[in-house]
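Chain IDs A, B, C and D follow the sequence of writing; residue 1 opens each chain.
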Amino acid sequence: MLRLLFVGDVYGKPGRRVLGTHLPAIRDAYDFIIVNGENAAGGFGLNRESAQAIFKAGAGCITLGNHTWNNKEVHTLFEDGRVIRPLNYPAGAPGAGYTTFTVGGERLTVVNLLGRVYMDPNVDNPFSLMEDLLTRPDLGTVFVDFHAEATSEKVAFARHFDGRVAAVIGTHTHVPTADTRLLPGGTAFQADAGMTGPYESIIGADPEGPIQRFLTGLPHRYVVAEGPAQLNAVAIDIQGGRATRIERVTHLEQ
Amino acid sequence: MLRLLFVGDVYGKPGRRVLGTHLPAIRDAYDFIIVNGENAAGGFGLNRESAQAIFKAGAGCITLGNHTWNNKEVHTLFEDGRVIRPLNYPAGAPGAGYTTFTVGGERLTVVNLLGRVYMDPNVDNPFSLMEDLLTRPDLGTVFVDFHAEATSEKVAFARHFDGRVAAVIGTHTHVPTADTRLLPGGTAFQADAGMTGPYESIIGADPEGPIQRFLTGLPHRYVVAEGPAQLNAVAIDIQGGRATRIERVTHLEQ
Amino acid sequence: MLRLLFVGDVYGKPGRRVLGTHLPAIRDAYDFIIVNGENAAGGFGLNRESAQAIFKAGAGCITLGNHTWNNKEVHTLFEDGRVIRPLNYPAGAPGAGYTTFTVGGERLTVVNLLGRVYMDPNVDNPFSLMEDLLTRPDLGTVFVDFHAEATSEKVAFARHFDGRVAAVIGTHTHVPTADTRLLPGGTAFQADAGMTGPYESIIGADPEGPIQRFLTGLPHRYVVAEGPAQLNAVAIDIQGGRATRIERVTHLEQ
Amino acid sequence: MLRLLFVGDVYGKPGRRVLGTHLPAIRDAYDFIIVNGENAAGGFGLNRESAQAIFKAGAGCITLGNHTWNNKEVHTLFEDGRVIRPLNYPAGAPGAGYTTFTVGGERLTVVNLLGRVYMDPNVDNPFSLMEDLLTRPDLGTVFVDFHAEATSEKVAFARHFDGRVAAVIGTHTHVPTADTRLLPGGTAFQADAGMTGPYESIIGADPEGPIQRFLTGLPHRYVVAEGPAQLNAVAIDIQGGRATRIERVTHLEQ
C-alpha cells in the first residue's frame, strides 16, 4: 500500500512555518508527501529558499500552478525533477510536467496540470495532454494536482480519468472542499485541497488589500497576512494503483 | 435562538426529489429554512411548479442567482416576497433582493447577492449595495446568500461584513467547501453550500455532456444526471443577531 | 496575380440581402471571394439556405467562427470543403479547418482560426496549429481568417506569420478597423473586416435588446435589426504568394 | 462652432515624441484638444513628466483608462481638473471623472468612462453613471472617451446616448476603427481612436514579448517598441452641442 499526503498551496512565510513545524510531526504516517508550492515565496511563485524549506519539512516533490513563473529562481529548481510545473506549456518550456518516483519499490507518477476556464487560455488542453501521458508505459500509480478555478472543469477532469489514475486533487482556490470521495471507478477526488497559510486572511493575503480593492475599484497592495497558519492537506491510501481511502487532514497553529 | 437551515442550489428533478423526501424529516429542527432554487427547473431557473415543491418541503423562502431569469415563470413568483432575486439589479427590475420575515417574533432579513469576478460584470457592486442595505432600520438578523464564483470575492465579502450580519453563505460552484466557521467578528461563513442534486454528475449535469465539451471544444447538450441525489446544506444557530454555531448538513439518497 | 475579396461576417437576412445584390455587381473584379458566414442564419451560425445564398452571390468558400456550431445544419455542409470551420478543434471534429482551392491554375489555401483571449479557452493554440500547417507542402498562397476578440492576439498572430502567409484578416468584432496595411514582411493585414449586415444596429442586432441588457443587467432577446445593410470587405492583390495591395471595400444600401 | 481633436492612447516615449512634433503643427486648426494618456509613461499610466509633455504639445485635457493607477504620480496630477480619470470609481476615489471647460465662451464637458465587458468588473455601471451626469445643468457640449474592449458595449453606449452627447469616441484596443460616422441622432462616433505610438509594434509593445507569450504560455517582458510612431486621432466639428462632422486624422513619422 502507498500512503500519500498532498498539501495544498503553501502561502508565504506563515505557510512555510506551519509546514515546517507540523509536517515533520506527521510525515512518518506517509510513504510520500507532495506539496503545492506555487505561493511559497511571499505569495507569488517558488524561490530556492522556499523549495529547500518544503523539502526539509518532508516533501518528496513540489507541484506548482499559474504562479509558476512569478519568481525567476524557479528556473534553477527543475534539474532533479522534484519540482514539477504544469504539463500544459508547449515543448521547449523549462522543467517537466510530471515525474515518476520510486517509492518503496513502487512507481509513482506525479502530474501537475492547469485548467483553462477563467484562467490563462494560453496553455494546452489538459484533457488531451493527460490522455497522451497515459499512453506511456511504466507510470505506475498516477497522482494529479489539477490546478484550476472552475468546479465544472475539475469534476469533469476527475470523472473522465476515473479508474485510470489513482487521485485527482484540485488546487488554486485556496479553499478546501468538502466533496472528498472515491469516484465510482476508484479514483480519489477532492475539488480543492485548500491553502496552507494564514488563517485570518483572504486566500492568504491580509484582508485590507482585497477588501479595499472590491470597495474602491482601485489597486491595493496585497501583503501576506499574519497570525496563526492552517495546514490543509489530503491523505490518500492506494493499493495496486487504485485509491482505497481519501481523507482531509488539517492543522491550525495555536 | 434562531435555528436556520440553508440548502444549496436545488438542481432539477433529483434535487427536488431529495428535498421533498428529506427536508420534511428534519424541518422541525429549524425555525426557518432558506433554499437556493436557481437550478430547480431542469437546471435552469425556477418555475412555478418547482417553487411550490420547494415551499411544500418546508422552505420559508427561496433565493436565486445568475440563473434567475432563465425561466420566465419566475416573474409570476415575486409577489409575496418569498422568492428573492439578487439585489444587484438596478431599480425597476422585477422582484426584490431581500425580504424581512418574522420568525418566532424575531425579524430575519434574507439577502441574495451576485458576485462579479468571473461572472456577469453587468450588475451593481455587491459590497456597496450591502453597505446601503445595512443602513436600513429593523432588518433584525441578516442572512446573506452570496452567489459568486471566486473564493477571493466570497471571503472578502464575508470578512468585510463580519460582525454586521449573522451569516454569509456562498453558492454557485455546486461544491460544498470545508471552510465552515465563525469568523472573528461572529459571522457564520462557508464559501459554498454545495448543490442539492444528482450525486454522480458534473455539478448536476450528466457527465457525458461536459466531458465531451472539454474534449472536443464543441457544444454538447447538458442533461440533468440520474441516480441518487445528495442534499447539501448548512445549519446556523443565531442568538441576538450573531451566529453561535455553524455546521454542514448533508444527506445522500440510497 | 490573384485578386481576392474577403467579406466580413454576414449577419442575418439583411446581410444576405446586401451580399446578394452587391456581390454579383463586383465579383468580376476578383479571382476568388471568401465570405465569413458565421452569423448568416439569423445571427447565429450557418444553415443550408444561407450557405446556398452566399455561394450563389459569388463566394468561392465560406469561413466561420465561434458561432460555427449554433445551427445544426452546418454538419451537412462540410462535404465538399467549401465551408471551412476553425482549425482549432481537435482531431475528429466534423469538417476541416482549411481547404486548398485551385484558382486560375494557382493554389490558394484558405484557413480559419479562432483566437483564445476573451473567447472560449477550450480550443487549441492557433499559433502552433498554424506553424504545423505551414510545414505542409503545396499550400500555395495562404489566406487566414483569424476570428478573435483581442487586438493584441490578432496583431501578434499577423506579425508572427508576416512574410509566411499572404494575408491575415481578422473577424468577430463586427467593426471594420482602419489599420489596413502591408506588414514589413509582405503580409496583408487588417485587424477586423467588419460585418455585413444592418447599418443601424449594435453589431447586427436591433439596438433595443443590447441596450436594455446593459441598462438592466437582465437578459433581453436579440433580434436582427432592420433597415439598410452595409457590406464590409477587404480586397487583396497577391503576386507569387505575397500581397502587393490591400484596401477596404464597403457598400451601403440606399 | 467648436472644432475638437481627440488623440488616442499615447504610448511611451515614441507616442510622446510624435505628439510633441506633430500636434503643434496642427493645433491651430482646433479649438480644443483632448488626449488619452493612459499609456504615456512607458506604456503604463501617466506620470508628471508625460503629462507636462502632453499639455505642452497642445492638449487642453488628458483622459485615462484601465491603466489610470499604474503610475503613482497620477495622484499629484488631478488638482486643476485637466487630468480626468474614469468616472466609474466610487465616491472618494482621487480625481474626477469629468471636467467642464470654457472654450471660446462655450462650455465643453469632457467625460472619461470604463466599459466592463472583458474588463475589470469592479467599477460602476457606465450607462447609469452617464444618465446621472446628464441630469446636471450647464454641461454644455459633452464629449465622452469611452474606454472599453467590446464593440457591443461601445456601440450600445453610443446609440443609447445618441443625440444627448456630441461625441462618443472609444479607446483601449489601440487599433483605430473605420466605422467613423454621425449616428442618426447626431452624435459623432468611432468605436476606437487607435493608439499614438510605435508603428511596428503589437499595440505599442515590441512584437517579441507578446509573440513569445502566445507561443509559449510563459510570461515575457513587454518593452516599448522602437522606430517611427503613428498618431491616431479623430476630428469633430460641433455646432450647438451637436456634431456636424467627424473624420479620422492620422500621421506617421518618417
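Assume a residue touches a chain if its C-beta (ideal position, glycine included) is under 8 Å from a C-beta of that chain, and two chains touch if they have at least 3 such contacts.
Labels paired with UniProt names: A, B, C, D = Metallophosphoesterase.
Here the structure is a predicted model, which means the values were calculated and not measured.
**Q** Through how few touching steps can chain A be joined to chain D?
**A** 1
**Q** Between chain pairs B-C and C-D, which one is joined by a greater number of C-beta pairs in contact?
**A** Looking at contacts between chains, C-D has the larger number.
**Q** If over half the contact pairs have to be identical by residue number, which pair among A-D, A-B or A-C is the repeat of B-D?
**A** A-C
**Q** Just give me the whole-number Å value for how far the CA centre of chain C lies from that of chain D.
**A** Once rounded, the distance between the two centres reads 29 Å.
**Q** Per the centroid of Cα atoms for each chain, what is the distance between chain A and chain C, given in Å?
**A** One centre to the other, that is 42 Å.
**Q** Centroid of chain B to centroid of chain C, CA atoms only: how many Å?
**A** Result: the chain centres lie 43 Å from each other.
**Q** Give me the residue numbers in chain A that touch at least two other chains, ranges are fine.
**A** 90, 122, 124-125, 128, 213-215, in rising order.
**Q** Note which residues of chain B are touching chain C in the complex, please.
**A** Residues in contact with chain C: 69, 88-90, 92-93, 120, 122-124, 213-219.
**Q** Quick check: in the complex, which residue numbers of chain A touch chain C?
**A** By the definition above, chain A touches chain C via 90, 116-117, 119, 121-122, 124-125, 128.
**Q** In their complex, what parts of chain B are in touch with chain A?
**A** Listed in rising order, the residues are 118, 125, 127-128, 149-153, 155-157, 159-160, 173-180, 184, 191-192, 194, 200, 202-203, 207, 210-211, 213-215, 248.
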